[in-house]
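Below you will find the structure I want to go over with you.
Just so it is clear, A, B, C and D label the chains in written order, and each chain counts residues from 1 on its own.
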Amino acid sequence: MHKPRMHLLASFDIAHLQYLDEAGRATQELPDFATPDTLLAFYRQMSLARLVDDRAVKLQRTGQLGTYPSSLGQEAIGVGTGSALEKSDVYCPYYRESGALLERGVKIEEILAIWGGDERGQDFRHAREDLPLCVPIATQLLHAAGVAFALKYKREQLDEPPRVAVASAGDGATSKGDFHEALNLIGVWKLPAVFVINNNQWAISVPRSAQSASKTIAQKAIAAGIPGLQVDGNDVIAVRSAVADAIERARNGEGPTLIEATSYRLCDHTTADDASRYQPEEEVREAWKREPLIRLGRYLRNEGLWSDEQEGELQRELAEVMEKALRAYSERAKDKPTAMFDHLYARLPEAFLEQYDQLAGEQ
Amino acid sequence: MAQITLLEAVTQALAHELGADPRVVVFGQDVGVNGGVFRATEGLQKTFGPERVLDTPLAETMIAGIAVGMATQGLRPVAEFQFMGFIYPGLDHILNHAARYRNRTRGRLSCPIVYRAPFGGGIHAPEHHSESTEAIFAHIPGLRVVVPSSPARAYGLLLAAIRDPDPVIFLEPKRIYRAAKQEVPDNGEALPLDRCFVLREGTDITLISWGASLKETLEAAEQLAEEGIEAEVIDPATLKPLDIHTVIDSLEKTGRCVVVHEAARFGGLGAEIAAQIGEYAFDLLKAPVQRVTGYDTVMPYYQLENNYLPDTEQVLTAARATMDYPGEGAK
Amino acid sequence: MAQITLLEAVTQALAHELGADPRVVVFGQDVGVNGGVFRATEGLQKTFGPERVLDTPLAETMIAGIAVGMATQGLRPVAEFQFMGFIYPGLDHILNHAARYRNRTRGRLSCPIVYRAPFGGGIHAPEHHSESTEAIFAHIPGLRVVVPSSPARAYGLLLAAIRDPDPVIFLEPKRIYRAAKQEVPDNGEALPLDRCFVLREGTDITLISWGASLKETLEAAEQLAEEGIEAEVIDPATLKPLDIHTVIDSLEKTGRCVVVHEAARFGGLGAEIAAQIGEYAFDLLKAPVQRVTGYDTVMPYYQLENNYLPDTEQVLTAARATMDYPGEGAK
Amino acid sequence: MHKPRMHLLASFDIAHLQYLDEAGRATQELPDFATPDTLLAFYRQMSLARLVDDRAVKLQRTGQLGTYPSSLGQEAIGVGTGSALEKSDVYCPYYRESGALLERGVKIEEILAIWGGDERGQDFRHAREDLPLCVPIATQLLHAAGVAFALKYKREQLDEPPRVAVASAGDGATSKGDFHEALNLIGVWKLPAVFVINNNQWAISVPRSAQSASKTIAQKAIAAGIPGLQVDGNDVIAVRSAVADAIERARNGEGPTLIEATSYRLCDHTTADDASRYQPEEEVREAWKREPLIRLGRYLRNEGLWSDEQEGELQRELAEVMEKALRAYSERAKDKPTAMFDHLYARLPEAFLEQYDQLAGEQ
């Protein structure tokens, strides 16, 4: 049988971005934003995220917190992303997000409250327009598309300043229809949206290789006709650079971007999980060598920007911050039961007053 | 003033709110250039521009989901599902998000969305184009489910739905989209949500229905009147939250009730109404609450759809049996 | 013989059918290597191989949809949704396809599928992990909805569900996954679908519940017995099609009934049961059918979930009020 | 700001296949299957599909049929696809499918019955394992993925011969999550499935350009890591060639393929639609020049394989076939109302016997 002659219609490239390698060596000239101050701030925020996760897991172990999803090993993604947004931008997080939430000004005790089974945690004191943490996988990407539409609409129709919607999701989330529908919409409506995928190689026990035959997640952008790229998600400079560039383009009306940030989940999926059942030990050991905090620390030390002493001081400072937050969390009075009706509708319909009274009466 | 159909009343309400409130955006499949497959959005894109009246790609999960995002940022999205049979991919966003956003964020963000969909059978449409699954939505805490059944109520209730600070599922009975005309002044006056409409007063029996079935229900009431039975006919209009008080008030007079709906019987809203009547009006009841409904089968292809849909005769039979209760077979 | 939990009974049934019928395949998120997040499929992949026990990508529409395709070609898919709160993206395929394939093709193709999902609250899980929306599924023509509430019923009903030639939504009450143990011989004997189980005989009042709430309901029955009230406790087990005869038979004795469920009240299955009792047992009823249910609110985050869930005290209060009816305030 | 240096991770090409150009000239050597007999059979089947559509629309206009979706102008896709399957393969159609259904042996009166509001039409006398026509957009693609799994499973576990699932969908369907989830699954599970997209440029009134920013639909395969290509969907030889090759690879265990067949909807979306409201006249006029039947006819005439006389004979023969089918359709007795319960479950549960009796009694 002879082979049909076909003509080339289109070609696509997917590229990878890295600034710091595993040993903390710069692989290319660092971007302008990477001043010592910024890098030290990254280091602090990643350290804080790690501490929050660590304490949260401990709280869960002692029955003071519900199921908790740590972001151990993926702090560069949250911090790199969160730090790239303007305050007025809108962040649309998934649930594995300590780093980004801290960047957005969400309070540690709010994060704890959420996982402690208290809706009031989602009533962020700051970041009032950010979306709440989102549990149903990938749904936040469609909300982010809607947010991006609203921001574009308000700019064009209501003369408001340009703002961008930034959403995050996991690698598993990219298998879901919501991901595709959202990506396709932000593409065809050219919305000011940036999607950052935390590719931590696992969706609970399902490895990346069992999620999709696609070589990269970045290439899924091609289906939507938008730019996609992969960054080293353990390199906070690369994450910040890629996200900031994408945000800038979105803000300038140049459309959306999909960013795959590769990392590794160095912890259980949540405190309800036991990753040793499925993560190969060897793979985990290798992944520890690439983790983001040590990497940035090495760079800083090589550059003479960081020392054991500073590390000690930082840890003491963060421990205090954490202590205060833990106190705020544990001192929080339990919400009143009728709260479940208070925010159900703007005004409770008459039809439910009887139930409201029953609930109130039972306390 | 010209008389308009229920369909035109929908268009008129959408146009009114698009004109009155710059936060309102209308979107869905074919709602723009084509004006919707039923023409409910006819002319809106031309008048208000393609930035406010938008054709979406073909994806219902997306339609439901972006409305949530838009609403959280202060817009007033009015999203159309082309037919109720295609709304289900959007259910996750309606149930898990739109209905919960206010509660989850303790009031920080909310979802003033209207999800519109034509529903019901009787127009000889293809498979999946004739569904009545309002009970699914009415079971979801945090939602409102509204069904207009006349041009005036379509206009007034849609205005109310768009202005309501919480999400509303607005189901339009397509069988009567063009069935009857009414003068409906475009005065921007909303009708109240969460309130039944008493369409006909009566003292002998209470007939409750909504949407297209009200046609048969009102016909039955006329017929019953000729037989000397005065039926009170109630259109709940807002199916959730349900104004049971108006129903109970009616039962105080009549003590007898028949609920009529197109949807399958099992788990339909007739059950909830009967249950609440049982709870609140047990001692008033002179006969069991009867349900005249679609069968517990899949909505058939159109050759058999009239065999599926409740007809006037069935309403009459149930009403007469209810009037006769306990009847001759009583112990 | 060792005693096993409800959860282990599920595993035992799956293993039995995988062993007995080469057409059975089990799939879902994390059901393979990890044995399911609750360990309901523990060991199955090891025993039956990754071709028959499969981890899927993260996509519920897909899980629901491929089951339809598999079933039409003669397989017996058993699909797991990780939590009921994540089932909704699959609803379109369940409602528009699985439930209709036999009917649409006039019997040419059919969908012998079991869709499993853990449901209900009370385990301090995160948001969306504690839902009870069985009423949504029970309203869908062509489906079966089955809820086991003991290890023996989990085993026997799951076998029956897998062998049934039509689609079954099999909802596992996760709060009692590990609550009680029972000897459950692995003898491959199914229990009947479409039949109520009378868990306790009584003559004074009929208590109906399913899933985890049966725990509180049975506790209430014990307590009532101490007060001299003999409650009959019925577990419908198959919520749809509902075996109303067993319920009516019980009402013949008792004339009084309380329905207990975790799900929100409005449009919950308690309504359907109350409505059917009204229809079939009007003259038997000595008191209104009471519903003890979850509130018509969003299932709260776990701090308040116990305030949401019906407790034994509420069942008792409703039962006593029903016994006392019309009570002192009667006219 | 300096531009980050990125490294290339992956490259992808999308190609186009054509054998006959608009004028009916061969643009390359035809494949082996393209014998005179085969091409004449294609011509006959495309002509029949066109006739069926034409008569169905007329039936609708006179109230003898419900809403009907014609495939006018897209006959090459149906016939090219349908003719590429083995009898034992499983076809998973959407609703715009006259050509393919005829190839599968579905009877004209069955097609008419379906759109005439009678479920019995879906009870295909032949093609017993094919899926019924599917109205909810893109859902059939997930069913097809399940079918493909079953076929693979039965081959591997139950020693049955290799079979392939072939599904069709429209361009609009590719925006839906089902498309993405199905494509991703057949990719990662390497299932024997072929998806053929009829890109007729419109989803009712929504043009292809408003569906997605992707340049081609074929490139959406990249997201799933599977081969994707575009064929000239007005060239029945190209369609047949591409689909047959893809089926062969699937049958050999080499995995799935996405095929975009470009065409144009030369008719209303359905009889309930008025395409003149949104299709630009000029565009339609241009599209008529590329339609598949005239194109193949030109080729056949140029090759001396077809004449006016043969055309007249064919039309007479097809008219007779159609006549017979119309008679069979119109003579069909109405289904009995209780049929709606007869096939609801394998055996009607007791709970519904009362309703059954009520329905039976009302007749």
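Everything below uses one rule, namely that a residue touches a chain if its C-beta (ideal position, glycine included) is under 8 Å from a C-beta of that chain, and two chains touch if they have at least 3 such contacts.
Note that this is a predicted model, so its numbers are computed, not measured.
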item	value
Selected pair, greater C-beta contact count between A-B and B-D	A-B
Furthest chain, CA centroid comparison against chain B	A
Computed distance of Cα centres, chain D from chain B, in Å	36
Distance between chain centroids, defined by C-alpha means - chain C, chain D (Å)	40
Contacts with two or more other chains, residues of chain C listed in rising order	56-57, 59, 61-62, 85, 89, 92, 96, 103-104, 127-128, 141-142, 240-242, 266, 295-298
Of all residues in chain D, the ones touching two or more other chains	119, 136, 175-178, 181, 184, 188, 210-212, 339-340, 344, 351-352
Residue ranges of chain B in contact with chain D within the complex	29-30, 32-35, 37, 55-62, 85-86, 89, 124-129, 265-266, 295-298, 300-305, 307-308, 314
Contact footprint of chain D on chain C as seen in their complex	22, 25, 51-52, 56-57, 59, 61-62, 64-75, 77, 89, 92-93, 96-97, 101-110, 141-142, 164-166, 194, 240-245
For the chain D and chain A complex, residues of the former touching the latter	1-2, 4-19, 28-29, 31-32, 175-181, 184, 187-188, 190, 210-216, 218-220, 222-226, 229-230, 241-242, 245
List of chain D residues in touch with chain B within their complex	66-67, 95, 114-119, 135-138, 172-173, 175-178, 203-206, 210-212, 272-273, 277-278, 334-335, 337, 339-341, 344, 351-352, 355, 359, 362-363
Complex contact set, residues of chain A against chain B	90, 92, 119-120, 122-124, 128-129, 131-132, 136, 139, 142-151, 153-154, 156-158, 165, 177-178, 181-182, 184-185, 188, 339-340, 342-346, 349-352
